[in-house]
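Which chain is which? They are A, B and C, in the order written, and residues in each are numbered from 1.
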Amino acid sequence: MDATLTPRAHASGSGQELYDFAARLYPICRSITGAGVRKTLAIVRRRVPLVVHEVPTGTRVFDWQVPDEWNVEDAAVVDPDGRRVIDFQAHNLHLVSYSEPVCATLSLEELSARLHTLPEQPEWIPYRTSYYRRTWGFCMRARERAALRPGQYRVEVTGSLAPGSLTYGELALPGRTRDEVLFFTHICHPSLANDNTSGMSVATHLAEWIAHETRRFSYRFVFAPGTIGSLTWLRRNEQRLARVRHALVLALLGDPGALTYKCSRGENNEIDEIGAHVVAGRGSVIPFSPYGYDERQLCSPGFDLPAGRLTRSVNNGYPQYHTSADDLSLITPAALQESLETCQRIVEVIEDNARYLNLSPKGEPRLGARGLYGNVGGRSPAEHEHAMLWMLNQSDGRRSVLDIARRSGLPFARLRDAARMLEQAGLLEVAGRRTARVNKRRKKS
Amino acid sequence: MDATLTPRAHASGSGQELYDFAARLYPICRSITGAGVRKTLAIVRRRVPLVVHEVPTGTRVFDWQVPDEWNVEDAAVVDPDGRRVIDFQAHNLHLVSYSEPVCATLSLEELSARLHTLPEQPEWIPYRTSYYRRTWGFCMRARERAALRPGQYRVEVTGSLAPGSLTYGELALPGRTRDEVLFFTHICHPSLANDNTSGMSVATHLAEWIAHETRRFSYRFVFAPGTIGSLTWLRRNEQRLARVRHALVLALLGDPGALTYKCSRGENNEIDEIGAHVVAGRGSVIPFSPYGYDERQLCSPGFDLPAGRLTRSVNNGYPQYHTSADDLSLITPAALQESLETCQRIVEVIEDNARYLNLSPKGEPRLGARGLYGNVGGRSPAEHEHAMLWMLNQSDGRRSVLDIARRSGLPFARLRDAARMLEQAGLLEVAGRRTARVNKRRKKS
Amino acid sequence: MDATLTPRAHASGSGQELYDFAARLYPICRSITGAGVRKTLAIVRRRVPLVVHEVPTGTRVFDWQVPDEWNVEDAAVVDPDGRRVIDFQAHNLHLVSYSEPVCATLSLEELSARLHTLPEQPEWIPYRTSYYRRTWGFCMRARERAALRPGQYRVEVTGSLAPGSLTYGELALPGRTRDEVLFFTHICHPSLANDNTSGMSVATHLAEWIAHETRRFSYRFVFAPGTIGSLTWLRRNEQRLARVRHALVLALLGDPGALTYKCSRGENNEIDEIGAHVVAGRGSVIPFSPYGYDERQLCSPGFDLPAGRLTRSVNNGYPQYHTSADDLSLITPAALQESLETCQRIVEVIEDNARYLNLSPKGEPRLGARGLYGNVGGRSPAEHEHAMLWMLNQSDGRRSVLDIARRSGLPFARLRDAARMLEQAGLLEVAGRRTARVNKRRKKS
């Protein structure tokens, strides 16, 4: 039975819980289409009420089209002695993803062109795909490759590569406004733990947490295969993109490396300020580049969404990347938990990073008379008093709390709290609301 | 008899003269209203023809209103043996400013809550106020506090806290244009030498000096109590604020610390460039913050005046700040003189920092034919020749002399002199004048 | 016979060829008018089809007017013993340029005021001019000056300083568009090798090379005397200036110092980015200043052309500057060749630094299907694949290839090649073309 988002103790997601969830997803043989994707989304649906979409093979998606659906039953290479020397059952990375069905006997020499290894890492199986050129192939440890003796090998790949559909999941969490925050995570990689059971686990638990918070923004989570999946979502949601205020791609969130925030194409979108603020002191900020995960599509010039990315190590940034060594020993509960908490912090700043308007802008208002400021003069003010002075002075409707944090050197939380107190005292209001209210009244009349 | 600004030897203000003037102001018990303020302004009026304004108690001033007027006759705490152990006659800091009249007998325990000390500085009396909460209290040396024995103490504060008026002084020095430069100095602190007899002394002598200079700008000096005084001036002069081109708050100008220019809220107003230019090499520039002196009000978002501040050490920036140790031994003639000269230099740059228009902008004009450039070619030009080339090249009406100084690396004075020579030769004119003249003619016809 | 630009092996200009050409120009006594200039331009015309313009004495040129033409036949100072102790035939720097004809006998004392020497460099003859004040004078080695004994000296300068014309040469090389790139080189210095036979030689060979390239831009070379020559050209071509997209002054290009790119007045014109890019790693970039060569005129505020300057050492930047020691031993074939190649590289970047428009901007287009991207997924892309992703992502019509090189850290040539491949694949086009085409069609109908 699928989960519904009923109130309960805020599931903040302990590291172990995040790890266990990732471990459940790890063994599944995912690709950009097929049963593995559906099984993955079903597991996510047990926690959050994902809507699952199926888009038929052949559907035009901008310059692309949805490919045939790939499902594999078994795959093996059998040596002259009848032993399964390459066995899909042992590790789903052994089969090049999207290999077409085949049944053949080849000499070792003929077979060689179909075999992928990593000579520098003889114990690791590489991850290889061939989504858009119909072929087949196998990946194996270089050490095992070296042990193959000449002779005739039987190759068998059973399953199907045929019209079907592309599957993705989507979760919408409406907030007080229709402005949207978009989280994207790719679900197309088979048994690679960090890439991307970590992202799927963090995204799932984050969605669960947000669902139980009160929200200014609406939140949308997309669990989709890389490239073709995000393109498909973009194609089917083009009219909705104007509402997207912030977007964040979640991937590679379980390894022990430090956090990395990757800027959006614009590099000075609010999400970039927020990302930089939240990872400050605990990680690094890297510039935009048009390579990586689905920010490639979200940030293409025809969309140019304010889409950053949160990872720990970056793609190609750790030796185990795209190999069988990206397994459950690479990811840790502590790293997953820090990643989730960082996402939660980002959401909090997104929610609270308002632009305020000082309603008493000529001179300072009397804070003492409102019980907001000490009554004995001559002493230097406390930090929360400085925070109120800063909020009042800077709140001309154009500066966000984060802008003021940067300028004043005061902590974001201190300024946000000051803003709330001043708002309650009738001295600040969120910029734009008054106008919004007036417009509403006009519409009615 | 009050001074009128009759021509005489330019009173540049020697350090000793500035110091003596501060010393005359030092003993007076000032507060935000009352006789002390009037007495102070009367002393200033002996040098410059200040207009003194009285604003009645109860007058609405934005979010505030003018408080009751405070005058104290005597104040003391008498110990069980009949000795005045705290004596306002000995030091006016002993009484919390704006203490209401009281006559009572209390146990030492009851009295304790009314006593302010500085445990870390047992020999210093702190400065404390309670302007807007009706109460009374005393300040004393921690060492003397420790010597008080249990018993009954008689407390007597005589004087009045009753409707009256708030007093401030204003001096307008009209120039060739109605564009104004505003100097603000607070006059509400009792016997604190640096804070702010230093500022009052520098402001008075600066006004005297400006009065004898020919001026492009009109200058206005406001001597007012902090916060409520500047708010009152702002309220009564709102329609005039659009004329303010530059403003500078003067305070803490007598201590031996290095000069500090504090930026206006905008941080890139012309006054900020000028302040930074003038203190360069002799002091430092600090960013804006909404705490300090009357820049808090001048720079509130509803006014946002281009108001910087000149101090030496900053508020809270030296241990004696707001204690009895801020006395005449803290300030020096040399520091006061450097502060005044810095203000004079700022005024000179304000006056000379014009934007010019090259009247012969196509190619270089013939400087040699006008006697402005050496006639023998092949040698490298002198600095004043470079200065002319820079002024001609950059004078498209948008760049100030200071902008050109920054870009060229040449001294401001060299460029200003070049500008004057080129203006005399008919090659430059101050930008805007031509338009202004044409408009004037149009209006007449 | 003058050269015409017929196709032949691309004359890239070997260092020796450049040096030999400079050496041919070196002995000629040039000034801002006269036979030396005409002789110089005739030599240039043997390589490129320069059009030579003659502008009569007295022609108004902005604030100036074309001066009398100066031609010298002979000049000498003869000592009491009848020896030519200063002899124009020995070195044309001996005569102050534009000295009027004179025949007189003077005492050594009277003569002294007319003699220019360099006491710190006793073996060097200084270069001096007096274009706009009618006078005469001689330059000599300080050592030889010291050897002159008292007595009567005969001075003889024969020739003419009389109405005639100012001469300059111009070469227009039309390209596919009317947008122009302007190269300026001064031709008014007598026997000074680096200043500026080097610039004339590089400009001549550069023109020759460009003539044999296919060109997006039209190119224009002006060989003119400094100041009055460039002013005259500007005056006669004012209506054409709006077409100038980039300009570069060429001078001092033969000495062994490192390359120097001097920015235009705007300092962020495209030519400044290009100049900085091309000299990066091999030279330095210096800011604009209104002193130097004809950038003084081109960058005066009434024109403000995007005119940079390429030199090696700068004017006044090497000890031999404006002395007889700036001779053929100061310049080297290697330096001349590097200078020419740098100019060629600048032209290439000017030509290729287009702004492209991604014609498939929504998501990434399928590069693999077009044979532009590897088919096996899971591996990290090659540099040329990254280059394509960057060009596609950034090509929104506002960013140049150079902008993208700076942002991506990829080499300009790699991105340009990627752009060409994507253009051939129909995925990019040069921005503005489509609009231009549409406009053309509209005009016709």
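In this section, contacts are C-beta pairs under 8 Å (C-beta built on N, C-alpha and C of every residue); 3 or more make two chains touch, one makes a residue touch a chain.
Predicted model, so just to flag it, every value in this text is computed and none were measured.
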Angle of the C-alpha superposing rotation, chain B to chain C, to the nearest 5 degrees: 120
Same or different residue numbers at the chain A/chain B copy interface, by half rule: different
Length of the line joining the C-alpha centres of chain A and chain B, rounded to whole Å: 55
Chain A residues counted as touching two or more neighbouring chains: none
Residues of chain A that touch chain B when the two form their complex: 358, 360-366, 368-369, 375-381, 386, 389-390, 392-396, 407-408
Chain A residues within the chain C interface of the complex: 61-64, 96-97, 116, 126-133, 227, 230-231, 234, 265, 287, 289-291, 296-297, 299-304, 316, 322
